[in-house]
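Shared between the two complexes below is subunit A, which pairs with subunit B and subunit C, respectively.
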Partner chain A sequence: MPQNANLSDVITLISDIKHGKVFSSYEIALRTENLLEKVISEEKWANAKELMQQIKGKIQQVTQSLPLETTATNIMRHILKVIREECDQVSKKKGEGQSLHQLVTADQSEERDYSESHGDLKNCLLDHLTEYKVELETSTENIAAQALEHIHTKEIILTVGKSNTVEKFLKHAAGQRSFQVIVVEAGPLYHGHKMAASLALSGIQTTVIPDSGVFAMMSRVNKVIIGTHSVMADGGLRAASGVHGVALAAKHYSVPVMVLAHMYKLTPSYVCSHEKDTFKMCASPANIIPYSTGPLLNKINVYNPIFDYVPPELVTLFISHQGGNAPSYVYRLLSELYHPDDYELY
Partner chain B sequence: MRNAIRVVKLIISNVNPEITEDQARKDVLARIDFFVKTRIELASNWLLLICKWGAFLKYLLKGKEVVRYVSSKIQNGDVILVYGWFLFFIAVLLRRLFSFLSSTSVLSSLKHSSAQGKKFRVVVVDSRPRLEGKTLLKELKNSGLDCTYILLNAVSYLLREVTKVLLGAHTFFANGHMLARVGSAMISLLAKVPLTFFSVSLPESLTLPAQSSRVQIDSLVYNELINEDCVVPISDPARREQLSEALKSTKKLHTLHLLYDVTPPELIDV
Partner chain C sequence: MSVKTKEVLKDDIVQAVVVADTFGDEFLPISSDIPLALFPLINKPLIDYTLEFLSFGGIEETFLFCCSHTEAIKSHINQGIKDGAEWSLTMKVNVIVSESCHSFGDCLRDLDRKGILRGSFVLLEPGTLSNIKLLPIIRKHNEIANKDKGAAMTLIFQESGIGQMGRDPNEEAVVAVNSSNRILFHRKMGQSRERKIEFPLEIFLDNSSVSLHHNLKDTHIAICSPSVLPLFSDNFDFQTKDDFVKGLLMNEEILGSTVYCHITKGNNYGGAVTDWRMYQAVSRELQNKWIYPLQPSVLRNNIQKNGVIVGKGVHIKDNKKIINSVIGDNVHIGENVQIRDSFIFSNTKINDGVIVTHSVIGPNCEIKSKTKITVGSIIGKGVTLEKEHLIEDTLVQATEPENCDPKDKLDKKAFRLKVTGTEDDLGKILSKKLSRLHIEDNRPEESDDDAFSDSEDEELSYTQSPVPDDTKLFFTEVIDSLTRGFEDELRCEHLILEINSSRYAYNVTVREVNFNVIKAILHMSLRLSTGPQYFSQFVRLLSYFAPVLKNYIRNDDAMLDTLQAVEDVAISNENVNEKWVMFVLKWFYDKDYISEDVILEWSKTLDAKSRFYAQVKPFTDWLEEAEEASSSDED
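And now, the complex of A and B:
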């Protein structure tokens, strides 16, 4: 059955994410990209409309099983936009690109019917995907290359927990500038220790502080540079738990907060910040209070949330491989990445 | 620390000029020992205290007032977030030894309220260098209160439910800034994000006076470092080794464990 066969690869991806075999967003992005290549080259589809239906089905599957895992769905949404663009170009309806006049006078009710079949579509899409893959693989280096524009000598930079992007960013800058880094431990998993060890071993002066010491140290910090899990449509962040406190402390002392985010982290959904159920994902409380504590555990509640929502007014700059952007510009980036019809697919 | 030095200076200045130097030295040492025993080792020398330091009674009474005031603020259905009771251990010991003194410990304000039949929940926040919240958690549980335990990173997540925040303060400076356990400033800041109604800071009125004539705005200028032995190791043995190995292998890596931080007055309500 074609329907089941289509979804089996997505189901494999979902189960790998759930079991922790695929952990970082970068790996998820690569896996999704491979998945899409297979769909486009091997699956049977007659025209663009059918292909888009297939991909939309996959997006729905992922959204239902992993509502907070947005990397995969974002990449698939981007491909949908690429497909639509390809169709538009090939059909020559708007062959020379949209002039302002056409944009303004375009008929709202005009439905693009993507059901024409084009022989060339497959090859065009595969070319696009190869380009996109190269872009994915080099995006971390491109972000790191901007480090020298943002880090000055003798600055004190604060970062939270462990992020591969931030690590490369700081190491790249350390090649030419000398600065200090303060790493916040980020309980309960204390990834900050690994980050600090890695930075120190590559020659950067590093200090590790516990989560509680952030406010005390913030008055001495020049910049806060953090990574994030995803960027919401309003410019807010869904970041690791504890980052909200750090961002508030930075705002209090007027320290700029720079967020390093790849383009696939931009997600077209909003967060109602007073609905804490939106961030219902919690991890095992054993990291907070070990099971060996004994009978006391029967009577208390322990929470271990994974994510935190950081409102956009606390973020100063987003740095992606294309350059830096203000949080208020995120809506424009979204319109370049995804088609408005694909924002809500559930 | 400052107060101890002040007392020593006072003792030395009060020495009788007519006695010999040796005797004066012995006298000063004896008084210092006495000070240590009575002011610092309260729990074991409580009786001596009552006889010799009338001022201590004043502290007790103040403590009772504080407890009554805080209890009056706690209402039915409240969710209270607590953080940082480092002098609490002394209070607990006192309470254990002399039960009629129970109203002096700040913990008792919560017990007092629950004794009055008010139904409320307590959220205990803990943070890593010392993880002192666990003892508080056990005490609260033994008194039958409904408790939740979280680490500092989860405060933003739970703060939506919380109605009041109780922080244990160490000192209040003359400019209104509060010296408290490291992390208290962060909690006050988060509580100010408009969703919580009330932020209450309670001074510990037992061993040290709650007011200081000094002024301080910055947490780093005057602080204490936690002894490395007191730092609680991470429970997961695999991760524990990461940092200690790295610390040994390179000079570029340091840890910094502060004991206090300073909270500006605009973040405190009461």
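And now, the complex of A and C:
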């Protein structure tokens, strides 16, 4: 194992994420892509296998230090698949060619070990990465561009907390349609306030409601549009706490729930698998009940979970830059994004 | 904001100093085998949390100062770096070993000599855990330091409610700050339990706004300017950070340094393991995520119901009666064992039917059947209890202590450890008790109050509040001076000079000086050999100090002080000769130190039922008679 391989780049990424220097998933995605570009162009590797080992080492490092960070690992995982594909392509070009027989048997019987070296693999990969970078950079706009298909005039849209993607999406639609947005303030962090201020600034009619008012307001809402932390393999969401309640209320009133998700949010793991403890992550209760409350705190336990799991049946549609997909289709997207061998790397 | 952060980083690497030793005996007997830094806190060494906090707070270089068990700490740190522990990724950790240091102050003086710290740095007292983001506070400190060149230190406090577990009852603090958060008055109440606090009037006269805080707990974290280390070197009597703050505030003009404070709110937590009670409080707060994102490892620990956390390789036969406890790695627990609010360290074996409540059991112990360990007992490393025992409020260690009482031998490898410290020092023992684990969460408050009123009754003599420490020190100093003076036959003028200079050193009032000097002289009289010559010796002593007495007993107030000193000495020494009081009073009266009126007036304030009054009564009667006689003579 390339344990002693150079991990300093990942470490700085991890520490930056931890210290909150890079905050949004989009920034993390770009940082990760840069990091991989550097690895491919500057690190020493003789063949695809070695390169993949290096990247796997980095994925492990990230999952160990930041079990909740999925963006960085998903991007690295995707690049692993890209390396495999490029390798296959390059070897095809070389004229080694795969016979029909090989194509049929390859997947089941023997695994390719990718240890042969190719001179132009590096360039191919770098080209691919540049393409991928453009994809990342335009992803938000591509999602926002679909706004007009989903938001119609005089509709009432409900969203929860703050999400950059949702913000762009709504603002894009506001250019041509006039509609109303209800923002749930999403305690205990109350990011919804910021979201509402930003939306109001760009001329959208915005109302902030407390979390407790969601059910009462839901009957009037036409659509729920939310962002998410990550999309699990079954199409369920790992989203900020409070979203589950909103999704249930939407189900009750048969209001469609749309989730804006970049491709890198798709995570090839299930809830309650090995991650069960990290999913139960709780933040400091100080935001709910201040530390200065006094002796009462000696007698009570306060839980402040960060995430909610929203089961796939409560989600109507995922909107990525490629278009809309139903939750049941997530498994298919996953197999397009990642190689099955890379799903679990621990 | 990120740009600014980079500026700070570019200027100088952000450094931190962690002192790893407590230098106290709070954690005996376990601390004699394991350093505090490696105490398991929910099955992870304490120091790992501290380092994780520092790296999370944005510190890039840490100096870990250790004075005992250095090898263990060093190898732990090196192992951590080798295994790629989280903190090691973004932070450099240097272990500094200096076994000659005996206090927190010594460590800083040593650091000053080494000259390795460049800019402002973060100073952590032993056992600190926190999740405070340090960089913004360091930046703020630097801004203050730019404006106020004397700014030496920013103390970080956390808002917390009275009676909260995480608030150490031994460290109750009162702080007065002005509008720019400069500390004007800082007082750790500690055990003194004064009900009244006097604030110097100047702080209100000199500042347009003063806020008084009693809603704070010390996080034991401080941001220090580079000037802190030389200040420690210049003032070699600064032993702790509290000494430093106190000294700086008292001599603000002379040292030209100021102290600021920063009060954190919201989800910032800071606290330190300073004694067993805090150990319990911090581990419970850690468990309840107050220190998020610092948290016990989810992979290593198994969280069970009833607030029980269990390490790796633990065998528990039945866990019905285990509540609110932390159990270390490879612990074996037999059938029908009760464990409540306790901590069991790793590799310990507890056999069937043992009851453990509110106690700590160290590593590698073996507790045989049906032993009961309760009420804040601490069992040291490697203790084996063979027979049935009832261990209550005791420290037990495996090796035989010096001059061990045979009664204290519990077993071949179990010895009772006496709480050291002078026996009459009630406050100290009380504080020891307080520092053990909570007996019951809501009860300590009441029992505390009872205990304190008891101690007050015993200590109460002259004033309505216990004697503050400084006055006590002054008293011992005076006794020392006088004894030496008497033995070496020094001249009394010199003694007066000496007493006056100690008076300024300890900042005691004139009346306290009178009281204490007389008390000291009378105390010396008690040391004289009893026998037929006692009173003649006593007279010699008093006559020798006549100039001293003359100097201090100048007016009616001083006379009253003298009388109260007599009263104090007589009451606090039961075995004093019955005629002693009479003799002393008569002597003072005969030599004209005390006037008749004052004595009579004073005697009226005495409790008529007390034994002391009975001793005074014949004298006052005699005085009254004499007065009547003289007045009748005049007639």
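In this text, the second predicted complex is superposed on the first by the 320 of 346 C-alpha atoms of A that agree within 3 Å, B and C clash if a C-alpha of one lies under 4 Å from a C-alpha of the other, contacts with A are read in each partner's own complex, and residues count from 1 in each chain.
Just so we're on the same page, a residue touches a chain if its C-beta (ideal position, glycine included) is under 8 Å from a C-beta of that chain, and two chains touch if they have at least 3 such contacts.
Since this is a predicted model, take the numbers as computed values, not measurements.
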Can A:38 be said to touch subunit B (first), subunit C (second), both, or neither?
neither
Considering only the touch criterion stated at the top, classify A:18 as touching first (subunit B), second (subunit C), both, or neither.
second
Which holds for A:244: it touches subunit B only (first), subunit C only (second), both, or neither?
first
Considering only the touch criterion stated at the top, classify A:332 as touching first (subunit B), second (subunit C), both, or neither.
neither
Partner touching more residues of subunit A, whether subunit B or subunit C:
B
In the superposed arrangement, does A:152 touch subunit B (first), subunit C (second), both or neither?
neither
Is A:301 contacted by the first partner subunit B, the second partner subunit C, both or neither?
both
I'd like to know which partner A:201 touches here: subunit B for first, subunit C for second, both or neither.
first
Does subunit B (first) or subunit C (second) touch A:122, or do both, or does neither?
neither
Name the residues of subunit A shared by its contacts with subunit B and its contacts with subunit C.
287, 290, 293, 296, 299, 301-304
The subunit B residues in contact with subunit A across the complex are 127-129, 134, 137-138, 141, 147-158, 160, 181-183, 185-186, 189-190, 193, 195, 218-220, 223, 234-236, 239, 242-243, 245-246, 249-250, 252-258, 260-262
List of subunit A residues in touch with subunit B within their complex:
185-190, 193-194, 196-197, 200-201, 203-217, 219-220, 240-242, 244-245, 248-249, 252, 274, 276, 279, 287-290, 293, 296, 299-305, 308-309
Where on subunit A is subunit C touching in the complex?
11-12, 14-15, 18-19, 21, 65, 277-278, 282-287, 290-299, 301-304
Residue set of subunit C touching subunit A in the complex reads 2, 5, 55-56, 58, 86, 89-90, 131, 158-166, 215, 265-269, 288-293, 298-299, 441-442
